[in-house]
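A, B, C and D are the chain letters, set down in written order, and residue numbers restart from 1 in every chain.
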Amino acid sequence: MIITLKKNAPQEEVDRLHRLFEERGVQVHLIQGVDFNVFGLVGDTAHLDERDIKANVWVENVQRVSAPYKLANRMFHPEDTIVSVGGIPVGGNEKIVIIGGPCSVEGREQICRIGREVADCGADMIRGGAYKPRTSPYSFQGLGYEGLLDMAEARKETGLPIVSEIMSADKIDEFEETVDLVQIGARNMQNFDLLKAVGHMTKPVLLKRGMSATIEDWIMSAEYIMAAGNPNVIFCERGIRTFEKYTRNTMDLAVIPILKERTHLPVIIDPSHATGDWKLIEPMALAAIAAGADGLIIEVHDMPEQAWSDGAQSLKPEKFAQLIEKARLVAKAVGRDL
Amino acid sequence: MIITLKKNAPQEEVDRLHRLFEERGVQVHLIQGVDFNVFGLVGDTAHLDERDIKANVWVENVQRVSAPYKLANRMFHPEDTIVSVGGIPVGGNEKIVIIGGPCSVEGREQICRIGREVADCGADMIRGGAYKPRTSPYSFQGLGYEGLLDMAEARKETGLPIVSEIMSADKIDEFEETVDLVQIGARNMQNFDLLKAVGHMTKPVLLKRGMSATIEDWIMSAEYIMAAGNPNVIFCERGIRTFEKYTRNTMDLAVIPILKERTHLPVIIDPSHATGDWKLIEPMALAAIAAGADGLIIEVHDMPEQAWSDGAQSLKPEKFAQLIEKARLVAKAVGRDL
Amino acid sequence: MIITLKKNAPQEEVDRLHRLFEERGVQVHLIQGVDFNVFGLVGDTAHLDERDIKANVWVENVQRVSAPYKLANRMFHPEDTIVSVGGIPVGGNEKIVIIGGPCSVEGREQICRIGREVADCGADMIRGGAYKPRTSPYSFQGLGYEGLLDMAEARKETGLPIVSEIMSADKIDEFEETVDLVQIGARNMQNFDLLKAVGHMTKPVLLKRGMSATIEDWIMSAEYIMAAGNPNVIFCERGIRTFEKYTRNTMDLAVIPILKERTHLPVIIDPSHATGDWKLIEPMALAAIAAGADGLIIEVHDMPEQAWSDGAQSLKPEKFAQLIEKARLVAKAVGRDL
Amino acid sequence: MIITLKKNAPQEEVDRLHRLFEERGVQVHLIQGVDFNVFGLVGDTAHLDERDIKANVWVENVQRVSAPYKLANRMFHPEDTIVSVGGIPVGGNEKIVIIGGPCSVEGREQICRIGREVADCGADMIRGGAYKPRTSPYSFQGLGYEGLLDMAEARKETGLPIVSEIMSADKIDEFEETVDLVQIGARNMQNFDLLKAVGHMTKPVLLKRGMSATIEDWIMSAEYIMAAGNPNVIFCERGIRTFEKYTRNTMDLAVIPILKERTHLPVIIDPSHATGDWKLIEPMALAAIAAGADGLIIEVHDMPEQAWSDGAQSLKPEKFAQLIEKARLVAKAVGRDL
């Protein structure tokens, strides 16, 4: 950690800080310059908070050299983590996984019907929302526990693992029992109590990026889950909020190589939420595969115009099957299987 | 609601949609043009979801005319709502309220000491965090329930109402008992389960804006709380995330006149989080008063460089007292008391 | 164009507006509702400005149905435009083009040397900056006209067309004589006088997206060039500015399918500026190809650490050759040649 | 400047860089740590480019300690610069200036009529656009030189200095002759050739912030003008582009104290463009005064609904007069005159 002091910092303050950092167990190096003084802190600085140090009026700037995360950090865990979801490996050089299904579970018949269709298309897992984060309290809020049981039925029929979003720590037991991959939605990426709660689960976690989360914030949220005891975290990019209005969000594919350099965890991409427009899903899905994604999660509905939510960004099964065919070719071109 | 259909939408689809909207209980008007057809829907459209209608491939665009919120909507509630916080009225033309205190409760002695100081400076309420949303799992996470009890002691000593952030629905009882104003933090603005939970409380709610929340998203979150039964919501702007790096966030003061035009609820401003830099707090606080804010919430610490969190954006009590004096003059200049 | 009037707009004002729009030569349809009145304008509305109509206090909202651009609009020009750059076709289903070269021309020897290297790697054109837009007046500003002549020499040696950025209308003649593809940089995307000037050139134009330009703004800038008489415009995405700090910009690949749906012009991608980090260039380049890009423009330098500008985002020739090999496989996977 | 090297940088590379920096005339200090090595460069580093240094693969990070600007830097010019505009002082503790007038000059009669009205309201200068940067080539582009002559007539009638936007370096002579304050618009903030050109003028320059310009970018653009010889630069904030849709832009008032701390130049605020909505202008204008602005520039039109541009964000003269009255009270409250 590099701490720049203001030019005119009094010597006693420089000395006081020097002692203070040494007491925190890090080695301290001081550069004295004409225009500034700089402390270089060497050692474990993850427990020091940049902003707290900046509170000192003589401090001009603080810069981390080592990352503030440890468990997620590839530096301390060089091999890829491969997360098993209901027996299916995700990450490393494993086969790219495809997750398909409706935005919302609308009933047992619907999720089983669409589940069978996505299975027939070649998907590896089924997604479906039972608890729905909706902007409006007047919109459909999901079928709740019934919806999870409906999904479990779809799993039974198809043999595919199921993915669903958890919105509240008091549902941990429901999800632990029924679901294979527990999703944390974008709006809850920094719901730290929920992160800690899923950190106590045995099921793997799909951690979506918050709408305005930096990559570092996002890794820190993974670190929360891991620090609570659950090492099986999969990142999921779903677009960030920008000024652009033709798309719902702006999909940031640079996260794939960046997360893979800095962490050892798998990364999958959600082109449905990232674009909000079914016509854009296929090109963005292919782009994600080309950039090195470990998987895709895509909204599929057989009657999008009658879906209870997010129909505008849902693919029909035949388009989904087509996408998988094309994605397979791109995967092969970049040396991966799908 | 105005729905634009694509130029080449087949007549049977136009007819089908016409019937569908009528079945949903709204009146339907159709304009047929050379380049497009337009449906104008008249009546209560709050239960229709724009994105669901867009799922139809023949729909080009959907635009709301009436707002998607009702309870928060000034159109249906023309008078200002005045929220009582422990007996202190907030909003309308009432006296502007000043809330001061440390970012975190660090112990009973600390919160009582700073509480007395902010009271002496002329503050109306005391803030302090007992449960802390921290980006890093390795940072101080707050004293929890002990911290709330410490705050209650500060209230006893000073007679001032207390404000603290709730992070999880399972703490509703603790907060209902101890706190006068329950804060929903920026990261939980769309934690819908938590919004519903505080909607069942009898205590008023301070709803911070999410880092990338549009004003409409924010009003919809207030609507969640109100729809669950709690009409006492106060908005709190704390800055949005932009590309600018010299400030922690970008404070958006236009929210004040906009929220006051569209809703009937009070608006207060948090210049501490909005800027992240104690030197910027005073000018931004004065600006907020000039723009019509109903209150300010400001971080105050007597030893910022030793604060357990957010020292960099905390004012010392003497600066806080100075700020209140200046704010009083600005308030008077715009016809308000403080 | 759909114009929503406020609920309480007086009848005489509604009538006055009705006449006014008719006088502007568009057909006017009026829907009268309980909560609002709506005008639907049918006909050529490109000459009406939404914001000017909004100036009327009785107008609640204005929404375009038809796009504000005509010459760039695929609706009026369904076939792909194929732009010839020094004889090389760009766009349509033509071979994907690869443009490589240094950020700045540093001298005749350097540009010819690197030019030969990128040619050997299989590039189709050479890029190089002679006039450099630099944030600081103290940074190297480019070799100017000498630099253009140096590039012309590189063309002579390699036979490849050359691309360079123009920063000022008074250099039109220099560029017309020497350069094959005239680049408008991100910072000048809305330098309308410059757009008009290049609109009078016979050479094609590479139009970079502004750092905070919406896709619609960007198409309107192409429309400026086309309206001035130059139909040969190629779009170039180079990333937009967001809150993310790990990358220089956020590359927005959704522009590819969107621009191809709404316009008939080619789209190429600049992963060097979009990421600012050489390690991210390859995965982002492959993603761009998978998403349907018509070309790539990439910074290449044989000694990046000694480059006079932008070394951090330059590839060494061997990495560039490798990237082209991989891009060729991805292109094939999506049915294109490279 | 602080340069962090990667952990495993080879010693010969560390030595090579050490020599390289010394050759550039700065003193070099090296900290060697377990996890990293750090160079601290002391001396004049304004001619070093962070990104060029980052090009070295062994460099992890580069951080400036001293700002990259010199002429605009308050450190080297502690007293406030007071810019004289046609005899009226702007900045320091001088009277706050109010600039009013239409978005576009629509003819001699119009600008003289509105000019007299804004003068009667108490404005200090008249604004009006003769060359108009419009998003669409089909929108009104301004009256050009005729418009400037019309403005000069308005100055003659009212005695007030005039402000107008320059869009192209080839109009320097026209502006030098006719205008008192030369405006650089947001879209041209990084049109470096234009910045250099106005740097050669004797007239002061009003430099608007680009829509996605950081404060540092903006100061660097001022530095361009100053480095070319013109020390009389006034900053003008007009809002930045964010995801918020209820306003045209997001007004960032924190720029006022930040620019005043880091530079010695005056700062004025444009609430018309920052909000795009006439109803928001007054509260935002008062906020700007409270935050310490040296002036306001406001669009005024007597018939906004018939204005040729930007009517939606124009105030009628009576509202403008009212705003000035209120602004005077706020100015007094913060110890300034208006």
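Methods note: a residue touches a chain if its C-beta (ideal position, glycine included) is under 8 Å from a C-beta of that chain, and two chains touch if they have at least 3 such contacts.
As the structure is a prediction and not an experimental result, all values here were calculated from the model.
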item: Chain pair showing more contacts of the two, C-D and B-C; value: C-D
item: Interface residue overlap between copies chain A and chain B, same or different (over half shared); value: same
item: Centroid distance [mean C-alpha coordinates] between chain C and chain A, Å; value: 31
item: Distance between chain centroids, defined by C-alpha means - chain C, chain D (Å); value: 26
item: Gap in Å, rounded to a whole number, between the CA centres of chain C and chain B; value: 39
item: Multi-partner residues of chain C (at least 2 other chains); value: 212, 240-243, 245
item: Residue ranges of chain C touching chain A (in the complex, touch as defined); value: 212, 214-216, 240, 242-247, 250-254, 256-258, 261, 274-275, 279-280, 283-284, 286-292, 326, 329-330, 332-334
item: Chain C partner contacts - residues on chain D that touch it in the complex; value: 46-47, 49, 51-52, 54-57, 68-69, 133-139, 167-170, 187-188, 190-194, 196, 210-212, 217, 220, 223-224, 227-228, 240-241, 276, 304-305, 307-314
item: Residue ranges of chain B touching chain C (in the complex, touch as defined); value: 2, 4, 27, 29, 31, 33-36, 38, 40, 42-43, 60-61, 63, 65-66, 241-243, 245
